[in-house]
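Look at the two complexes coming up: chain A is in both, with chain B in one and chain C in the other.
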Partner chain A sequence: MGGPWSGPAVVVEDLVRTFQPKKRPEVVALQGVSLRVDEGEVHGLLGPNGAGKTTLVKILATILLPTSGSATVLGRDVAAEATSVRPLIGIVLGGDRGLYNRLTARQNLRYWAALHKLEPGAGRRRVDALLERMGLTKRADDRVQTYSRGMRQRLHLARALMHDPPVLFLDEPTTGLDPLAARELRAIVGELAGERRTIFLTTHDMAEAEALCQRVTLIDRGRILATETPRALSEMLSRYERVECDGATDEVVADLSALRGVSSVSALGLSTRIEVDSDGVVPEVMRRLVAAGVTSVRVTRPTLEEVYLDLVGRRGMDV
Partner chain B sequence: MSRLGHMLRVLGWAALVGFRDTLGAVYTVQSWVLGLFVRMVAQVAFFASLGQLLGRQADVEFLLIGNAIMVSTSSSFTVTVATVGERDAGTLPLLVASPTSPLVALMGRGASFVPNGLITSLGALAIVAPLYDVSLPWARLPALLALLTLVTVSTYMTATFLAGFVLRSPGTRRTVSNVARLVMMAFCGVSVPLSVYPEVVRAVAQVLPLTHGLKAIRELFAGAGASDILGDAGLEALVGGGWLLLSLATFRWLADAGRRDGSIVFSTA
Partner chain C sequence: MRALIGAIRLQLQIVVADRGYLNEILTNPFFAVIFLGVVRAAGRRDLTTFAIVAPVLMTLWALSLEISGNVVSADRGVGILELVVATPTRFQTVVFGRVLAVTLLGTVGVVETWLVARIGFGVEVSVHHPGVLAGALAATALAMTGTALVMAGAFVLAGGARTFQNTMNYPIYLLAGVLVPISYLPGWLRPMSRLIFLSWSADLLRDSLQPEPAQDVLRRLSAVLLLGAGGFLIGSIILRLVLHRVRHLGTIGQE
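After this line comes the complex of A and B, so read on.
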């Protein structure tokens, strides 16, 4: 795994991709996207449906050609040097499809071993090892059409790892999985990240992005909104901590609302959230709450989900 | 691993996928015999009967041999439709992004229809010919099998070339394969001798598969010498090789066009 390349694993510069459906106006899927993914980084691409996530992954995976701009993987241009990019990448595309349902898992993987030019003996050993790693050995000789969605996703991942690629593109790998299956798949992705593979992951799931990714890029309508660490993105929404408490009376709420440096006081279910916009206000808020007899008090920061909703708006949540 | 060994391995796996998705999914041995084989035998017998109506044994033999061989070549056109199977499975983009040319995998998908065609065609000949007093060249059976394989494979190469275009436009898959079958039936000497056609049609027929191979098979039935048969067989091999080269030359271009306009990722499912 890996090679002499020592620069960024993925570089995207001013990438534009348009589609021209028949008898309909042109669709602009990507509008001048630029980003950089370091070697060994787990990078999340977060955005609503139609944001351009899958199009970007398909261009990086040499499946689609860009309309303009450039993209490289480990220094190779995905358009001009596609044949040298392909052995370096593994791809998991979202959804149920991408497997041969009437073959067994072992046969699927043996076929992909052949497509990746592995010697028959090495291919067999690699297939056995991947089936074991993905926990599929016991069902390896069952047809894939009998597999659960979680098992299929693990098989997708095994296929993507067949040739031990240094860069992985995972397009919404946990979408549609039950919580347990999603957690298992995330654990495997975490292990892969520990092997210093570069992982480019698209997802709708904020918790997944926060748990797995060192940096996250937010994309909407084909434009990059921000690229930061999950924590830095949270700080973009609110540079300041905020206070949440249970059992605040109307008088306490009124008192805090009038306090200089408090930007908002809002109900949050049975709790109350106090947002501040100045340094040094949180201790005063805490003091007043405790003085009013409110003892259940927490100091928090915005979650990535809140950042996402703030930047993208609620348009994307109907996924 | 040698390049040829690698390609054969991919072809083998692709053939298994194709078999499981088509013949293996649709037929049991019993339903294949009753649903496909008997139908093909009846089709050959129908054309032989038309020859009887014309009143000359030579016409019976011409129609019987031509249509029995057409059964096998017709089976080859399944590969034209098989590209769509990769779209339905969602595997086409993954094949395009694999280090092996997707053409190899797509060629393999219809491969099970080559033995299917050979068995059906030979079976039809063996059953129908005695019923219509047409003598089978039993002593030259290996040569007949070799020639039948040659025309089936050369037709398969043409069908692969067409598969590249179907890949761009999957909605045309049935039309393309059926029109190609009809063209071959009409202009390759299956039911109508080439001599009745204008010069330009005869010229076009020279670059179509089946024309020369079928002529060689007719010569085999007529007891012609090996040199005559081999000459026509060589021409058939050249035509098949030409279509293969054409497939190789156009396929990457067609795949790149699909990557450019996005049609490579569209699904028919």
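After this line comes the complex of A and C, so read on.
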């Protein structure tokens, strides 16, 4: 897989991409995006619809040209050295598109083996191995139009892996999959990450990003909001830590509601959730709960989804 | 070469899965009936070879341009074009291989026309120079495929390319002497005919059916191949420029 390159797998610097729809104002999809993805890293790109995720992936995959700025994959410029980038990358774009539905999985994959210039014997063996790995061997000679969405996505992944690329771009690979199929695909992506491939994954799914990614970049309206580990992103909102407890009386609830730094006290089923908005308030809340005889107390961190919603706001997201 | 073979194989598999790709081959016998009927009605037995060669070349021409457009528009419609351009294989190679596969299948039009002439009109068509026929068909298929790349580029860029292509078919047939002898054309048009590879192909194919020895076969085959190579070169450049443009515009994935 890997070549002699020892720097970051992906470097994006001040990348701008605009589109000019007919008779409509210019659309700015990416506004000066910069990020780095280390070799062997699973990097998540999280953002709402229209945030610029797919545009960024397509530029990195040499499908689109940037308007300005630069991007490199394993040290090769995606615009000026596209032909040397292409053997290094595999791409899975979201949705049902990208396959010849009237052909079988094997026929589809043989074609991609040829496009990646695999010698015929090696191509056949690689196709067989990938079909096996993706659990498609038994249906390999059925037309793709008879496949479930999950099977199609696994076939897409097999296609992307045909030439054993060191860098994978996966654009919302689990979108539209049922939970079981999504879990299977995540497991495969986890295996690929274990092979020290660099994986750049766009997703809507917070749990997916938390489960798979070493670092996550939040993007909205073509701008990077933050790049951190999922845990560090959670810690960014540590001042919004909350306390949950069972058995709090109305008196205790009233006492805590009046406490400075507590932003809300709400019922959460049989439990009570106390949200804070200032540093250092949690210990005081805990002290008062314990003093009131409440012993079932826990402090929880915000999930990545909550961090994301806080940073992006609740603008038109399908999360 | 591996990518080219892969593209040819893919197209043959697509044809097996979707026989609609071969509609042009099915229309070939009807053209043969029309042309042979006209020649007979006019009492011009000397033009019989025109009536036999014309449907074959028209089928090949229409088929190659049809498929070149389909390769682009169908791949674009299902999101495959984006993925193909992101592979190490040049898109020109893919188009060339896929068009070549269908164009070679289109040479079956020779057999269709032969059967129509024999069964429908009682005309015994003898191939006096099978080597010339085979060479002319192979060179023509290659030249057709090369020229089709020009149209493939147009299909990426312009939705109206299909209309333009259909409009241009018959003028090309006339200019190339496919339907009527070039000697019937106005004098000032005749030099232009020789810039179209079809005119050389048509002459060679007709000569292969004549008992007289075929003259200058290599030179004329070279003319077909050179003009086809010119089409391929121009088509490749157009396709490369067009792909660069749609990557720039961001319309590569749009139907």
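Everything below uses one rule, namely that the second predicted complex is superposed on the first by the 282 of 319 C-alpha atoms of A that agree within 3 Å, B and C clash if a C-alpha of one lies under 4 Å from a C-alpha of the other, contacts with A are read in each partner's own complex, and residues count from 1 in each chain.
The rule we apply is simple: a residue touches a chain if its C-beta (ideal position, glycine included) is under 8 Å from a C-beta of that chain, and two chains touch if they have at least 3 such contacts.
Everything numeric in this text was worked out from a predicted model, so none of it was measured.
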item	value
Side-by-side fit of chain B and chain C on chain A, or clash	clash
Partner chain(s) touched by A:L157 [first = chain B, second = chain C, both, neither]	neither
Touched partner set for A:L170, first chain B, second chain C, both or neither	neither
Which of chain B and chain C A:M134 touches, first, second, both or neither	neither
Partner chain in contact with A:V285 - chain B first, chain C second, else both or neither	neither
Chain C-contacting residues of chain A that also contact chain B	19-20, 58, 61-65, 83, 86-87, 89, 91, 93, 95, 97-103, 107, 110-112, 114-117, 119-120, 159
Residues on chain A engaged by chain C in the complex (per definition of touch)	17, 19-20, 55, 58, 61-65, 83, 86-87, 89, 91, 93, 95, 97-103, 107, 110-120, 123, 143, 159
Complex contacts: residues of chain A adjacent to chain B	19-20, 58, 61-65, 83, 86-87, 89, 91, 93, 95-103, 107, 110-112, 114-117, 119-120, 159, 163
Chain A-touching residues of chain B, taken from the complex the two chains share	1, 6, 9-10, 12-14, 16-17, 20-21, 24-25, 89-91, 93-100, 105, 256, 259-262, 264-265, 267, 269
Residue ranges of chain C in contact with chain A within the complex	2-3, 5-7, 9-10, 13-14, 17-18, 78-80, 82-89, 94, 244, 247-250, 252-253
